[in-house]
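In the two complexes below, chain A is the common chain; its partner is chain B in one and chain C in the other.
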Partner chain A sequence: MKVGYYPGCSLEASSKEYSDSLFAVAEKCGISLEIINDWNCCGASTAHNLNHELAVALPARSLALAEKQGLTEIVIPCAACYSRLSQSQYELNQDSIIKTKVENYLNMSISGSIKLLTVLDFLHKYIFPVVDQHIVNKLNQKTACYYGCLLARPKETSTIKRTEDPMEMEEVMQKAGATPIKWAFKTECCGAGFSVSKTDIVAKLSGKIIEDAADRGAESIIVACPMCHMNLDMRRPNIKKQIKRDINIPVLFITQALGLSMGISADRLGLNKHYVPTDKTEKCIIKKEA
Partner chain B sequence: MARIGVFICHCGENISATVDVEKVAEVASKLQGVAFSTHYKYMCSSPGQDKIIQAIKEYKLTGIVVAACSPRMHETTFRKATAEGGINPYLCEMANIREHCSWVHEKSEETTQKAIDIVRTLVAKVRRNAPLFPIKVPVTKTALVIGGGIAGIQAALDIANAGHKVIIVEKQPSIGGHMSQLSETFPTLDCSQCILTPRMVEVSQHPNITLHTYAEVESVSGFIGNFDVKIKMKAKSVDHSKCTGCGECWQKCPNKKIPDEFNAGLSNRTAIYTPFPQAVPNKPVIDRANCTWFTKGGKCGLCKKTCKAEAIDYETTDEYLDIKVGAIVTATGFDLKHSDFFPEYGYGEYKDVIDGMQFERLASASGPTAGVIRRPSDGKIPEKIVFVACAGSRDKAKGIEYCSKICCMYTAKHAMLYKHKNHEGKAYVFYMDIRAAGKGYDEFVRRAIEEDDVQYIRGRVSKIYEKDGKLIVKGVDTLLNAQPVDIEADMVVLATAVIANKESESLAQKLHISYDKHHFFAEAHPKLKPVETNTAGIMLAGACQSARDIPETVAQASASASKTIALFSNNEMSREPAVALVNNVNCTGCLLCQEVCPYLAIEKEEIKDRNGNILRYAAKINSGLCQGCGTCVAMCRNKSIDLQGFSNEQMLGEVMSLLNKPF
Partner chain C sequence: MHSSNDYKEKKGLKGRIAKTTGITINKCYQCGKCTAGCPLNEEMDIMPNQLLRMLQLELPGYEDKILRSMSIWLCLACDTCYSRCPQEILLSKVIDFLRQESVRQGKVNPKAKDIVKFHQAFLETIEKNGKLYELGLTLNYKLKTMNLLQDISVAPSMISKGKLNMFPHKIKNIKDIEKIFNKTSENKGGEQ
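Let's look at the complex of A and B:
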């Protein structure tokens, strides 16, 4: 089976392990991911702050290319990229004026019919039906599933059922044998792109998330967004200074956690690329009872 | 030979700005049967009506067409003028060239042509109009009041005091409604029970009022002045004629863990119970769903053994009572969204996040804490309470766009009551706007802020979560440069949205009244008929129509009562004669019409010879029941039924004239 794939910039660089683990899990389940040829930047947080048409046109180009390539479904692992691509497609379908404009800029036509999948949609649709036969380990841990701001919002384009209290990640982690905890910060903002310009704010916001997870007994935090991962993982020294507590629970991409339960090696899943060591999570893996 | 007068109204500029009224009048004057035509700025005004009256006399008119607004607006006005002119009022019809033409089109020749077409069809109809006479029906001078809250109580007392019989049907074991649950009432802080219970007693003792508690409306048929209502009297399992209300039974009842509805779930009650000590009637019923005798097949029976009056009877069943009433006042009240509606506030997971009604019970002297405000989780007196206004209301994303209206006031009252009882305590209110537009209302809110030191924060709460035994309330202060505000509270009170009673939809269907998309009952006109419904003889009172506070509810209840009393001031009433009529010479008596009639208005008539021998059968319409829907007319195989005022001939005349074909 073949599904289209839009990597976005993070998955090629700072969050390469997200991409690696996604490919590893997909491969294990017999699904191949086909990259959109000549894809371009989604515009990220910059474009839609500067120019509305540009913010629609940038993702539209990748969508048009995907259509040309004959893809009917694409998985977009980065929550921000998903947000931009889905928002662009939504607006093109709603607003014929902007659609005409964008098609003229790009000199390409867009039908707007491609089904866009978040990583959670992808896991639920393609991995869930076959996952049981591939799960060999039990990830014997309490995990805090963290959605961040974009995965569940906005309502118009989100595929999540309960915006304020989503459960889709928890369902995946249960498959992996983990025990998802109830906590209060699963859809709070980590500070996102302010990581660079206002690191103190990010440390404060991310600090609250890490503290709540730790206080409620989480042994790992599971994410599905490169930006969330970066803030919760790489910014740990700033967070430590901010909250005056040294919390060292690791942050894993959901595909990494699922990969571990499938018996894929930590190296292949890129667990060595994290700032906060993940060895505690790796150690708690036990063989699944037959 | 018809002599029809056509009167074109400008409606100020509503019509004349887009339709060339002079041309319409000119063309109309040349139509077949038209003897006179004119136009005027306000046809509905007194000089406008005079034009009609004068023209009838001067030109010996036999029919009138007024081309103006919708007949819903002014048909009665012009029919009255027609009658004053000396001819049967039903010879007057309205051509709607406002809603159907000038309001929905731009100024153009086509618009004028459409107005002419509309006038022409109505002229063709009026040429075939026959004089009709209103139908007289008797009025049953008994009113049914559905719901025994403050709205129902007020309406019932007003009607009863005017000398008419009233029957109250209340679903709960006692009357009193939500008002009996309240602690103090804004803006005067008088005790709710103190002002309500005397009224409740008055209801129970009034010679003109019959009270049915633990009962529901099962079905309603008939029409204004003559409703037939079936009431379901739920089995109380206690014979109230024997019961003395001594209370031994509920003290003995071993099933003590049933969430108490009256205390909004903050305490428990027994299976045999009265809802509260001041209940009317103050006699218990058995909640069979929670009684061991009924759930475990005849075990227990303690209450029966205890009862010295031998009032307890497990064998009683639901009974049905048929009553005849002339008017119905619907006063079924409201419900509140519960605190478990909000995922961002923990989906009801935190015990100390409560709704407004629960706070009322905590603050009430008759409540589970005897008026000491203690938080539900551990019974501690909270040092800090956050009140969240607009919890669900005015929130499109939550599906409730409307303002719940009472929350601004009761939240100020809650904060005030808390501060009066705990001087050192801190009270915060998160709000969007303060809507305090009632007599003494704004002063009340100012008092909470200025004298009782309640901290008002303009902003919404995004999240509530528990941390180290405290509830962290995350919000924003939009007046302080949109600063995020985190408050560590001991208790949070959500002013959750007022919603329609969950049975309101099914009741509306039983009553044949309309309701809005939020299941609140719809009034006949939002401004001019605020207490009537679209079904004549059925009135609305209180929060079943939309969120309202006590003063407004009482005013509306009295308004419904006065409408009812006005209806009862006549021994008989007139109905519009637009009903079906059978030509029993042609009728073959197949009675297909009887099967399709939704109002059960058609019966079988025996046609006899002079010696009393039955020759054949024919259909007969009960004009009291017929609503003029016309279904029977469509069903009749040999056109023996016609709808008066909308006869086949009239309708065909309209259609043919629209097609410019002779008929």
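Let's look at the complex of A and C:
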């Protein structure tokens, strides 16, 4: 089985482990991912601030290339890239004036029919049907599933069922044998694109998320967005300073957590690339009872 | 009488928002849910519901106050307000419009200049490479803001963890990206 793949910039650099773990999980389940040739940056949390048309046109190029390549479905693991690509496609399908303009700039046509999958859609659609036979370990831990903004909103492009209290990540973590906790911050914002320009705001917002997870007994936080990961993991020293508490709960990508339950090595899943050590999560793995 | 109202509709921010984004500001009835749920309400100088009220009333001086506010730059586009708005006003899109107006009219709040410089540095990197080059972006941003020492402590660890590419990965058809940037900036004025 083959599914199209849009990596996005972060997955080639600061969040390479997200890509590596997705490939490892997919491979184990017999799914191959086909990268969009010569894809480009989606404009991220920046283009839409300064130039609306640019924010539609940049993702449109990758969508057009994917169509040209014959892909009918693409998985976009970065929640921010998913948001930009899906909003671009939505707008092109709604607004024929901007569609004509953008097609002109690109010198390519866009049918707008390609199906875009978040990592959660991908896991549910392609991994769930075959996952049970591959799960060999139980991730014996309480986990806080953190969606952030862009998997949950806006409703036009989000694929989750319940905006205020989604459960799609919890369903994956239950498969992995973990115990998802109930908590209040699963769809609150981490500070997103302010990681560099307003680090104090990131520390404040991410601090509230980390504290709530810790106070409710979470032993790990599970994410599906490289921006969320960077803010909760790499910015932990700033967060600790802000909340004046020494909280060392690790932050794992959902594909890393699922990969551990499939018996894939921590090395292959890139757990050594994190700032907050993940050894406690690795140690809580127990063999699944037959 | 009519003509003066029409004039105001076209020239005021409210009318331009309607024309550009299709959003009707007058639908807001001030329930305040946007402000209640906003993760950055503590930092804002104009609360989200107040911003909508000011746009509705269009009193003298309001346009200037809005375009010079810090709030329009603090919005993270998390869309919590939109998901809870009983009138379904997509405030993040309104705010994107206000940001572009604020830049165009040279009214960016001094405290927001670093945020704008970050966005500009980011887009310059994309225009040049077609993809993000994080090291290049960081250096460009540092030079623009002269915050030379910021984040100097995380850089070595990012490199040792293989999280920072030393050289940019340029896409093949960079000409496509140049064209997208040129064409979309031609059309960029007050109206999108």
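Quick note on the criterion: the second predicted complex is superposed on the first by the 290 of 290 C-alpha atoms of A that agree within 3 Å, B and C clash if a C-alpha of one lies under 4 Å from a C-alpha of the other, contacts with A are read in each partner's own complex, and residues count from 1 in each chain.
Note that a residue touches a chain if its C-beta (ideal position, glycine included) is under 8 Å from a C-beta of that chain, and two chains touch if they have at least 3 such contacts.
A quick note: this is a predicted structure, and the numbers were derived from the prediction, not measured.
Chemist: Evaluate whether chain B and chain C can sit on chain A together after superposition, giving fit or clash.
Modeler: After superposition on chain A, which the two structures share, chain B runs into chain C.
Chemist: Figure out whether A:45 sits in contact with chain B (first) or chain C (second), or with both, or with neither.
Modeler: second
Chemist: Just chain B (first), just chain C (second), both, or neither: which does A:188 touch?
Modeler: A:188 sits against chain B and chain C alike.
Chemist: Report the partner of chain A that touches more of its residues: chain B or chain C.
Modeler: C
Chemist: Just checking: does A:212 make contact with chain B only, chain C only, both, or neither of them? Give me first, second, both or neither.
Modeler: first
Chemist: Does the superposition put A:155 against chain B (first), chain C (second), both, or neither?
Modeler: both
Chemist: Answer with first, second, both or neither: which of chain B and chain C does A:234 touch in the superposed model?
Modeler: It touches chain C, and chain B stays clear.
Chemist: If we overlay the two complexes on their shared chain A, which of chain B and chain C does A:12 touch? Say first, second, both or neither.
Modeler: A:12: touches chain C, not chain B.
Chemist: Clash with chain C: which of chain B's stretches 170-178, 458-466 or 494-502?
Modeler: 458-466
Chemist: Can you give me the overlap between the chain B contact set and the chain C contact set on chain A?
Modeler: Residues 155, 163-164, 188, which sit in both footprints.
Chemist: Which stretch or stretches of chain B touch chain A in the complex?
Modeler: 342-344, 346-347, 349, 397, 463, 465-467, 472
Chemist: Help me check something: in the complex, which residues belonging to chain C touch chain A?
Modeler: Residues 39-40, 43, 74, 76-80, 82-83, 90, 96-97, 99-100, 103, 114-120, 122-123, 126, 130-132, 134, 138, 141, 150-151, 154, 157-158, 161-165, 169, 171-173, 176-177, 179-181, 183-185, 187-188, 192.
Chemist: Using the touch definition up top, name the residues of chain A that touch chain B in the complex.
Modeler: 155, 162-165, 182, 184-185, 188, 212, 215
Chemist: Which residues of chain A touch chain C in their complex?
Modeler: 9-10, 12-16, 38-41, 43-54, 57-58, 61, 101, 104-106, 149, 152-155, 163-164, 187-189, 191-194, 196-199, 201, 205, 234, 272-273, 275
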